[in-house]
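This report concerns only the one structure given below.
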Amino acid sequence: MVPFIACLLLFLLGLYAIVLKRNIIKIIIGFSLMEYAVNLLFAFIGFKQGAIAPIITRLGMTQDFVDPLPQALVLTSIVIGLATTALMLAFAMRIYEKYHTFDITEIRRLRG
Amino acid sequence: MLPLFIIVPLCGAFLIPLLSRLWKGLADVVGNLVGAVLVGFAVYGVAALAGGSLPAVYAMGGWMPPVGIVLVYDSLTALVVLITNLVGFPALLFSTRYLDQYTGRWKYYSLFMLLLAGLNGVALSGDMFNMFVFIEIAAIASYALVAFGTRAEELESGFKYMVMGEVGSLLILLSVAMLYAHTSTLNMADMARVLQAGGLTPLSWFVLATMLVGFSIKMAMMPFHSWLPDAHLSAPAPVSAMLSGVFIKVLGVYAMSRVVFNVFGLTRSVAPQFFNLLVGLGLLSIIAASLLAINQKDYKRLLAYSTVSQVGYIVLGLGIGNYWAIVGALFHVLSHAVTKGLLFLASRSIERQTGTREIGNLGGLERNMPVTSWSYVLGSLSMSGVPPFAGFFSKLFIIVGAVEARMYWPAIVAGLFSVLTLGYLLKVINNVLFVNRDRNSSLVREAPAPILVALVMLTALALAFGLGFRPVLDWIVNPAAKVLTIPLTYAQMVLGG
Amino acid sequence: MIELYVLLVAMLAAAVVAIEIKDLLAAAVSMGMVGFSVAILFILVQAPDLAIVQIVVEILAVVFFAAVILRTTHDDSTVQLRITSRMILPAVLYGIFVLMFVAVMTSVLRELPVFGSPLMRVAGNYLAVGLNQSGAANLVTAIVLDFRAYDTIGEAVVLFTAVVGVLTIVRQIGRKADAGEEHA
Amino acid sequence: MSRGMTVIVQSVTRLVAGMLFLFGCYIVLHGHLTPGGGFAGGVLIAAAFILVSLAFGSVENVEQHRYTFSSVFESLGGLGFLAIGLAGYLAGHQFLSNLWPKVGEPLTLFSAGTIPLANIAIAMKVGAGLFAIFLALGASRFVMKD
Amino acid sequence: MSAFLAAAILVPIVVGSLLVLFRRLPRAARNTIAVLASATTLVLVVMLWFRAGSGSHALWQMGILRVLPSPLMVVDGVGLLLASVFAFVWLLATLYSTSYLKDHEFQDDYFGFLLVMLGAIVGLCFARNLLAMYLFWELAGIATWRLVAFYRSEKEIAAAQKALLITFAGSVLMLIGFAFVFVQHQTFSPGQLTGPTISPWAMFLILLGILTKSASVPMHIWVPDAQSAAPLSVGALLSGVVEKAGLIVYVRLFILSPIVLPDWWPLLIGGVGVVSSLLAAGGALQARDYKRVLAYSTISQLGYIFIGFAFVSSFGLAAGLAYIVAHCLAKAGLFMAMGVVERSTGQHRLAELSGLAKSMPVTAAATAVLMLSVIGFPPFLGFWAKLYVILAAVRGNLVIAIGALIAAVMTALYMIRLYRIFLGEPRPGVVGRESGLMTAIVVLLAAATVALGVILPFLGRFLEATTGVAGV
């Protein structure tokens, strides 16, 4: 229970950064934090008390493994997180070149 | 057959960067070829479905569900894949000449291929996490495409769109995690069995709420619509057409209705609160966005708000939730995809030829741009629901559904706001196309041939879907509506038994 | 499992620092701290594959952040202790959201399986037939590249999309008409 | 950034980058046996390249070459993965079927059918892709042309 | 049979669309095509008479447009009568336009939409499925929109937009009413209702739509603007034909169908008719240009027709149909006569015109005949029609009958006011001139009015017969 709550707290922290921070880099950091939170949640969901990592080292032995499926999912989702972070950073960099600021309140050339 | 919907555009996406090093024109060729092939596949798929040789469940890698990932091709998927590719191909055709003003041609085509692959992938996927992955592909491609011009405003709106879209994606991912923890499976059909056996618990409501928010952001429904007008203003025209016509429907409407109707198995009798919420949100979108649209001076922004309001119609139909209303909603998915694609392309054709987007600066274009103008007019008529165009039937079915459900006020709102739709579109038509002002409109030329072909193609589709609404209803929309109204069939079809 | 809780607390603390600190480079590094905590947590929950990937990705992410920050600015000029009027509405909305989230969560979390004992309905199949059917001893790899290889294609495509997207975004000249103006 | 860093950094980099590259290759190849795989290995390979270009700096010409090189490799990696998937399809199984999973002794390098090949393709793709992102974000000042 | 009907509807629509799309044709060729197409339609409709006879039903199903199996079209006496009169007037109007508009731009647009509208009207005359009615109804509305905006200056465009939006709103309400019918009876065909009742909501919504299209109070506000913006040839067709669309739907849905109307219904319709004809007659008395006089007059006359239809009996129906025919011929003729005036003098305002009878005596005489028909002077066609309506009203409700009489007197007053442009001394600088083709058409219409008035006893018997035949 407690690890799940910690993950959700991290999720909310990330959301806090996205909603309330005005600096673009901070917003991107918020996304990374949310991403970590969900990944960690997945990993926690698959954890089994007293089991070992799902890698077979010797044939013919029955061992108690943790759930490998969430790990596979997290692997994918980490990459997706990296990809979105990279794209956001590219946006941030280019926006800085155009506006010379990271403050989203000053980046308002568009109406609405 | 089924994986080809994804493999073909992916091959295109990977080949275009390689081939365009040899000769730049190859990007155009490969892109349009892929688009044409996909249209062929989609049409063949619909025909095969009607002929009974599908629905198909394709187990990736030969691993049967729930162990492996399956592709599911049922009638709903067929509809969505059809609109994706039917709008995608004219948009690609439009791009060939439209891209002349931009640099980075191969990047555009590569991203467009990825967008198509992502949209097809979302529609075909029968696995919750896999759907998320393909949502991300389509979404990331669209973020980059929106900012394709890399001017300051374009970057700004692209970033805004990306922030909102990614919040939506992460909410969807969070709810996938919750669902996995609860059901310990990712296959949607398997999940449906577990969830429907367990009844609606607080966890289901939590997941439904997060998913609703996530998908509402993707489909630009009213409280979360603010990215859409900016994004449409910045995006190149074919991308606007894809975004309004297809993207928000596949990632928002389709994915949401798949989850709500097939995975959770909700019907109005089970969860009236949820459906009333959808009706409320739909009405909010229809009313507020129409009122915003009518005040716009920029015809692209006007169309963007109009998209928000039309999405409201679809959500209203889904929320009313009886058979006719869902038929209407799905018909509207189809007709709005074609007509809004058409309107965006036509308005960009106007912008390309005249260089302005202000309604007040234009006039009398009909004389010199007849094809563009008339396709715009016919598209507008279709959108506001004038027979015999496609839009009429979606409006009719939604109204019939609303009356049948004894929701008279939503019916009247839906009807009267279609008049407002015609009103704001007439504002463009009259001022831009018809009013004779002594401006320089006589110097304007008609757009080049590939653009016109794309426009004519979409106009013909809007007319064909309307005149041939009976076959469209029988072969495409009706079976798709059955998938949604009889929730358990989906799980049965995928898992057998 | 005391180390788990300690790490969780450290992770949250680093996250708060990453959000609130004024220097952006320091914020990126703090974010890296969060990432490394996550990596170690992965090890604790028996996910070495994830730990490896998380570590390398984290390094890379921090490098990307640093690359951008070094090209732009270190300073987060928006960090201020003063509460301005335009912060109120988002803050209130966010507060309402958190309250609702927490209120729902207490009942939702009760429905999740207890930490440390997953259901493993489907996952049992992988453990039973994984090595036999796919030949890979690392069952995570077996899932990633065989049972759910389609996801991995998706993942690779997401990365490809992001790469093309980044290359698109960083083009200095987006329109041919802008060429003169940009060089000037 | 075009001048590169100090001599000390450069000579350490010479050592470390090679090791990183080799270690990445090892992780890729043993992905089906030990923790790690195409993705982790690919990132390590990218890191090796990134290290080199950070330490030794670059001139525009070289950047352009590296960029071309990485984007070509990336496409090839993607196509390779698709080809592996299609191989299963063409061999009469489903798309993405694992061919010859039973060939080879389990728990040795040559086992697990096409999984190691897919790992290699992914590593190529990921390594090249991330390096390209790095070039775009950080190192290069050259004007991105078509 | 069905091939003739399909051809009568599709030939003008297809030819018209092609004219709009391919605008490179030489003027003479285009005019010839337009006239030929509308002549073809007239011939086809007349051939339908002989094919169908007055007694037989012929149902035509257009597979594509079917929601549930139901006959989509019906060829019966009412449809044949109206369609042939309308197609006849249309042919004359098309011929008239070739001369009347020959100096203007965008004629391809004009003739194209004229033909599209003809197809829509013919279709509407024979449509028996609610969706088919709606389709033709909207098609006519769209064509109206383009035709009213023919001159394309801001004023005309605004009037056309107003007309389109108001009629569209009305028709959307009507569509909601149709949805009620469908939900209640699972059919869009009035002939196949599962019971004699439909919900009063549905009746009310459909009635609103009909009133909008047929320009009755309180939904008439678009008409005066649209009529004064449109070319007079379009005005002739609008008031002669298109504004009858609502009446056609009314006849099909409320009279020639098994629907049982509630007791208060005749009073409602009759009341609307009387109020509409009185108010509009007042408007016509105050209007300052002849376009508006005629527009208000149209609204007033349409109110009259509603009075005829209000009291549902075969007599009332016959009265209404006779009035439709009479008004169609006379009002179209009047508009076209004013077109002759407009073309030679360029003036619209009544105050600027007088003494035109000297310079254009033929037109003046024809106008007099047409006006007398509208006023209801025996022995012209209008007299019989008006007589029928008032007799039907007397049988129904005396108050309404008295209102109808008052409106008739007011009609006479504003028509005389309008005719003053032909009387008195000619103004300097304002010289009328006959123009051959146009005057000839006006004379032809006046002659038709006279002729039909003379043979009305036969026509009257026929009208009564058709209602019996067509009673579903």
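Brief remarks follow.
Per-chain numbering from 1; labels A, B, C, D and E assigned in written order.
One rule holds for everything that comes next: a contact is a pair of C-beta atoms (placed from the backbone, for glycine too) under 8 Å apart; a residue touches a chain by one contact, two chains touch by 3 or more.
Keep in mind that this is a model prediction, so the values were computed, not measured.
Looking at chain D and chain E, the chains in contact with each of them are B. Comparing chain C-alpha centroids with the centroid of the full set of protein C-alpha atoms picks out B as the closest. Distance from chain E peaks, on a Cα-centroid basis, for D.
Here the two chains linked by the largest count of contacting C-beta pairs are A-C. Averaged C-alpha coordinates give centres for chain B and chain E that are 42 Å from one another. Separating the centre of chain A from that of chain E, both taken as means of CA atoms, is a distance of 69 Å. Our note on geometry: chain A versus chain B, Cα centroid distance of 28 Å, whole angstroms.
Centroids built from CA atoms put chain D at 23 Å from chain A. Counting partner chains per residue, chain B has residues 10, 13-14, 17, 60-61, 103-104, 129, 133, 136, 140, 143-144, 147, 150-151, 155, 158, 181, 186 touching two or more of them. Counting partner chains per residue, chain C has residues 48-49, 53, 57, 60, 64, 67-68, 71, 105, 112-113, 118, 120, 122-123, 126, 131, 137-138, 140, 142, 144, 146, 148-155, 157-163, 165-167, 169-173 touching two or more of them. With touch defined as above, residues shared between interfaces to two or more other chains in chain A number as follows: 15, 45, 53, 55-57, 59, 69, 73, 75-76, 79-80, 82-84, 86-87, 89-94.
Every pair of chains meeting the contact definition is listed here: A-B, A-C, A-D, B-C, B-D, B-E, C-D. Residue ranges on chain E touching chain B, taken from their complex, read 20-21, 23, 63-67, 106, 131, 134-135, 138-139, 141-142, 149, 152-154, 157-158, 161, 164-165, 168-169, 172-173, 175-176, 179-180, 182-183, 201.
Across the interface of their complex, chain B is touched by residues 104-105, 107-108, 111-113, 118-123, 125-126, 146-151, 153-155, 157-158, 160-162, 164-169, 171-178 of chain C. On the side of chain D, the complex with chain A involves touching residues 33-35, 37, 39, 106-107, 126, 130, 133, 136-137. Those residues of chain C whose C-beta lies close enough to touch chain D in the complex are 48-49, 51-53, 56-57, 59-60, 63-64, 66-68, 70-71, 131, 133-138, 140-142, 144-146, 149-150, 152-153, 155-157, 159-160, 162-163, 166-167, 170-173. Within the complex, the chain D residues that touch chain B are 68, 71-72, 74-76, 78-79, 82, 85-86, 88-89, 93-98, 145-146.
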